[in-house]
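To keep things simple, chains are lettered A, B, C and D as they appear, and every chain counts its residues starting from 1.
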Amino acid sequence: MDLTLSPEEAAFREELRAWIEANSPGREPEGDEAAFEFRKRWQRELDAAGWAGISWPKEYGGRGASLIEQAIFNEEIVRSKAPPMANVLALAMGGPTVIAHGDEDQKERYLPPILSAEEIWCQGFSEPDSGSDLASLKTRAEKTDGGWSVTGQKVWTTFAHHAKWCMLVARTDRDVPKHKGLTYFLMDMEQDAVQVRPLVQITGESEFNELFIEDAYIPDENVVGGVGNGWMVAITTLMHERATLAFGLQVQVQIALLQLRELVIERGLENDPIVRQRIGQLTIEAEVLRLNAYRGLTQIMKTGVPGPEGSLGKWQWSEVNQSLTEAAMEIRGAEAPLLESDWAYRFLRARANSIEGGTTEILKNIVAERVLGLPRMGAK
Amino acid sequence: MNFDLNDDQRSIKATAAEFLAARFKPDHVRELAEAGSYDEGVWKEMCELGWPGIFIPEEHGGQGLGQVELVVLMEELGRVLAPSPFFSNAAAGLVIQTAGSEEQRARWLPGIASGELRGTVGEVSGDRAPLVADADSAELIVLLDGDSATVVEGPLGERVETLDSTRRFSAVEARAGEQLAGDPEPGRDRIAGALAAELVGVAQQTLDMAVDYAKQRKQFDTPIGAYQGVSHRCAQMLLEVEGARAAAYYAAWAADAEPETLALAASMAKAYASDAGWRVTASSLQVHGGIGFTWEHDLHFFLKRAKVDGHLFGTAREHRDRVAALSGLGLLTTTR
Amino acid sequence: MDLTLSPEEAAFREELRAWIEANSPGREPEGDEAAFEFRKRWQRELDAAGWAGISWPKEYGGRGASLIEQAIFNEEIVRSKAPPMANVLALAMGGPTVIAHGDEDQKERYLPPILSAEEIWCQGFSEPDSGSDLASLKTRAEKTDGGWSVTGQKVWTTFAHHAKWCMLVARTDRDVPKHKGLTYFLMDMEQDAVQVRPLVQITGESEFNELFIEDAYIPDENVVGGVGNGWMVAITTLMHERATLAFGLQVQVQIALLQLRELVIERGLENDPIVRQRIGQLTIEAEVLRLNAYRGLTQIMKTGVPGPEGSLGKWQWSEVNQSLTEAAMEIRGAEAPLLESDWAYRFLRARANSIEGGTTEILKNIVAERVLGLPRMGAK
Amino acid sequence: MNFDLNDDQRSIKATAAEFLAARFKPDHVRELAEAGSYDEGVWKEMCELGWPGIFIPEEHGGQGLGQVELVVLMEELGRVLAPSPFFSNAAAGLVIQTAGSEEQRARWLPGIASGELRGTVGEVSGDRAPLVADADSAELIVLLDGDSATVVEGPLGERVETLDSTRRFSAVEARAGEQLAGDPEPGRDRIAGALAAELVGVAQQTLDMAVDYAKQRKQFDTPIGAYQGVSHRCAQMLLEVEGARAAAYYAAWAADAEPETLALAASMAKAYASDAGWRVTASSLQVHGGIGFTWEHDLHFFLKRAKVDGHLFGTAREHRDRVAALSGLGLLTTTR
């Protein structure tokens, strides 16, 4: 057991810190378009300096470093208040999925423009009627000459309005049990058959989109992992989502906790015993979240693949973040309802944490069945 | 002893529910909320029905009924999330009625009862009242500061945006005005109790929405309400809604029939309902999943109202502490 | 809405208070046998003065009073620290079940000795393998001449060692679906075929017993409600359990809360903000429990039968009582582990609250399905 | 960076688990608990294996390993609920090793390491230490009182009965003795961390029991573990066990490798594990239903140990408050 950085890891961090300090792009501009362009430029700079695909293999343009170094990178980006990269879904999920299940042509075609942010990716899994039950999705792909014609609706699609490629799961065979008839495609978003409509959230903002797809064309060579294997390929994407993105989330919790402590001091509540219990508990839970994130990485590095334990981290994160933002409301007292503070926004936004990327109910099912080995629901 | 509404109260409830369901359809409430405005026509109708004066004595132009009847209306108004100055105006009436001198009551209550003189109440903290409902339209603003209540002329203050866009708030600077003669505490307790009842209505509505959704929505070929993860959550919501309702009606009854227990009963109701209101509406969102997180679904308006109500006229924490203080080493409360 | 006592109710309470003050039997003696005899004597005195079956019809020896008066009686007994009556299960559950489902002979035979505590009753529903799933019980009754021969095992049987009669549910038909083959019997405990073994609890005490039944004889006339109707009759018993016993439980919570406040003062913690929040919350929950108990009575008086809402009260009571005893442990701080205080016992005992008389999980199912109308588990 | 035991530590863990499973079978633990006694033979074996000195430097007769190795043993001891003076003796070693002068360490540590001179630690509150494990058999009693630690000769005190009959406690009057030279705080933190690890073992065992039971026990023709009411509860137990384990091992690592974060890490571990230990064992009882409430089932011994451990060397509330104090406005903790 050794929680200190190895000399290589320490060197990596030092180099990265120095580089970020020298190259930090400053404050993000206002406005969605401008901010996104800014993030793309920032990613190009990171990529040029070899920081874009930390844990990707060298042969595909990555750094070939360990997941620990990937985690250090994520921590340092947040810590330094540098903006995130533009192509986060492709870097964390799409790329690793192509690396795991794509053929050589696909790897050559898709991976470089992911790293350079030339081609942004989005994820088309969820549908209005198949939230947690992914395998029940209804978007269908009909075979045509040399490709597929896709029709359906997707929802909760981040970055869809910026994206060139969509990781799309669609039904290619309606005559087999529902998990078996799915195929994983890379769909070109630049066609009229794909319409993007922003989805306004309860916060008033719109991070997500709906996709309306009508007779979109996808060539055969854009099938990843083979026709009918979409379920398995999609699981790879989701496992990477929970394992890798979760890491960045715990860092954000640490930052939010710092800000919450500042709020407590600002309000003169640092000696309020009830507030202290609350902050103490949140500090402990955030630390446990951080430790479990590292334990998770250690596990993945040993076994090679993210396991169902990643669900624990996502679940715990959602509880800590909800509890933290509720604590901020309590600390703000009579003024908590005012929208003038960012805390009111964060408080509302946190309600989605226990739904997005797997509802807590589904995560508990996964933990119960796949980690604890309890019988599946409905088993006799 | 009868822990149930009497026939008159039941009839008020049924009439109010019907009237409000017709006037405040979800789409209309959404329109008003997005515009940050009220439906003045419906407010006029409410005035014609005598609602603003329901608890005000007949000698002052009211209906001469009590806090229980007021609370019946508040619950129903919460259920449809009525964007309306009803609450702020009633709050002013409650304080003036309990703390005003005979002359002050005679001067102000008739206008409040008829809706011709609109009032509101703000709680001063430091040199301002940060969140006063409808101070931008009320002609009479009661400022509560510690154990003093002062009446100043409105409209006043600066509009502020809160989470709850179905109610209009302003920040008002503290200022001198006409002092009310008596203790404002019982009035404040009645206001807290009325908010508790509004929270009951809000929570009940989101429970109903969750139950309906859980019956229809299928995942893995099964209605989600057949999963204990959802059904036990709904049961918990019911427990809290019923608990809040019992506490809110008890507080209302105490205001009318046993004023010496009002302070304790009102704090119990406001503390319980503030927690329950938030927890139940948040639980309803979890049952709804992603759709509940969208602006186009109505749920968020309820969630936000519940959260904001929880912070008005004392948070759960403040009221819990007061309950501890008031119950002290008191004797066992047996049947009265 | 009127939460004040009516003149009749107030008069009832005054009369009762005066009577208890004049007739209070003093402190219960030590030892199970002696204490039980004491409770029997006390019940006989109450019965002689007309206080034993408050809400039972007059024709069966009761007072014919309302459930409110029954509730007032329960409150006053606890408040005055008088001992409980000996035959609680028969008074609250067995008698009302016979009144609802028994024939005239049975009413005449069984009801008077219940009131006078001449014949104590116990309840034989639970079995080791059929805890929450009552209908899966395995104790079987085979038809013999003029009666039934019963074999099986029962558990969690309070007062079995004092009891003359056992409310026994047994399977009389194995060829029909499980709810349908049950019959409700009154089994004579005074036969060698019935062996009683005390069941030691985690508290070290034994309130409960196991029953080992081997070829016990029950005559035909001891069937209540008809052969094959045992499920329906048993539900009546359980409904009365949740509705009536719950009432006494909330009064006990009020008493415990008083003692907890005394503990707080004794420890000098009355100004500790965290303790105050805790006590404030418990006070509120205990009050809500009390109010809901009265609302429940109002409902029963209107509809005539206890409904599934009774489950809410039982569930809420278990949470309040567990929370209250845990608070006592926290307030006792470093000395909490010491057995010298009664709080340590109560704390352990409270763990059973969410299991006995219907687990919280089952109660939530009942609330979800029967109050909210949600689909049954496993519904499609 | 590697958040996992190294090969040596894994081997210690496996050996300890095997040894303890053989020596402390449930029926034997029950026998000892009901008699309120320890198995002296097994204690001798532990001494022969060098366990009492696992963290004590070789120059003082120990194995020269660290807090992580101690915590590995504590977790395994917790798993079988070993009735043994191991913990109390280790506690004395931890305080003397960190707060004793060179001479004091040389005088006492070898006896503690070999088990020939048994020690224990009591926390004084007012004029007595109300709960000192094994004070009735220890020859050396360290009394902690604020920032002073005093060594007095044992055995001492009066046996007291606690919820946990697998461990023997006495109340000891405060008295004068030989002062330890240094600050007892790091020693106390190591003790709290060791208890956190014991709680992890206790909780893990009851989680395993719950999962096994949930797989076998059927109700309504279905294994109860297929109901979300039970399966989600078990998932929650796992979340808390894993959280407690992460915090406990982190605190142990900090003691060995980064003493400046020990205080914070130890308080985090003890607070989290005290809550988790109690909640997980209580949850296991709920999963077991009635059978878990009987004396004849083993579960209650675990539940009681967990509750009592939660009150030793600082309650969750005390440690949480200390976490708040120590984290203050501190900077973000990034990877070390």
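Please note the rule applied: contacts are C-beta pairs under 8 Å (C-beta built on N, C-alpha and C of every residue); 3 or more make two chains touch, one makes a residue touch a chain.
Predicted model, so just to flag it, every value in this text is computed and none were measured.
Asker: Based on mean C-alpha positions, I'd like to know which chain lies farthest from chain A.
Answerer: Farthest by centroid: C.
Asker: State the pair with the higher C-beta contact count; candidates are A-D and A-C.
Answerer: Pair with more contacting C-beta pairs, A-D versus A-C: A-D.
Asker: At what distance in angstrom does the C-alpha mean of chain C lie from that of chain B?
Answerer: Those two chain centres are 39 Å apart.
Asker: What is the distance, in whole Å, between the centres of chain A and chain C, each centre taken as the mean of its C-alpha atoms?
Answerer: From the centre of chain A to the centre of chain C is 53 Å.
Asker: At least two partner chains per residue is the criterion; list those residues in chain D.
Answerer: In chain D, residues 221, 227-230, 232, 317 touch at least two other chains, as defined above.
Asker: Would you give the residues of chain C that are in contact with at least 2 other chains, written as numbers and ranges?
Answerer: In chain C, 273-274, 277, 361, 364-365, 377-378 touch at least two other chains.
Asker: Which positions of chain C touch chain A when the two form their complex?
Answerer: So the residues of chain C in touch with chain A come to 272-274, 277, 378.
Asker: Sort out for me which residues of chain B touch chain A in the complex.
Answerer: Contacts found on chain B: 123, 125, 130-131, 160-164, 169, 219-221, 227, 229-230, 282, 285-286, 289-296, 299-300, 303-304, 307-308, 311-312, 315, 317.
Asker: So in the complex, which bits of chain D are touching chain A?
Answerer: For chain D paired with chain A, touching residues are 1-6, 9, 68, 211, 214-215, 221-223, 225-228, 230-232, 234-236, 238-239, 242-243, 246-247, 249-250, 253, 257-258, 268, 271-272, 317, 319-325, 327-329, 331-336.
Asker: Using the touch definition up top, name the residues of chain B that touch chain D in the complex.
Answerer: Those residues of chain B that touch chain D are 227-229, 232.
Asker: Quick one: in the complex, what on chain A touches chain D?
Answerer: So the residues of chain A touching chain D come out as 1-6, 9, 13, 68, 71-72, 75-76, 79, 254-255, 258, 261-262, 265, 273, 276-277, 279-281, 283-285, 287-288, 290-292, 294-295, 297-298, 302, 312, 315-316, 361, 363-365, 367-369, 371-380.
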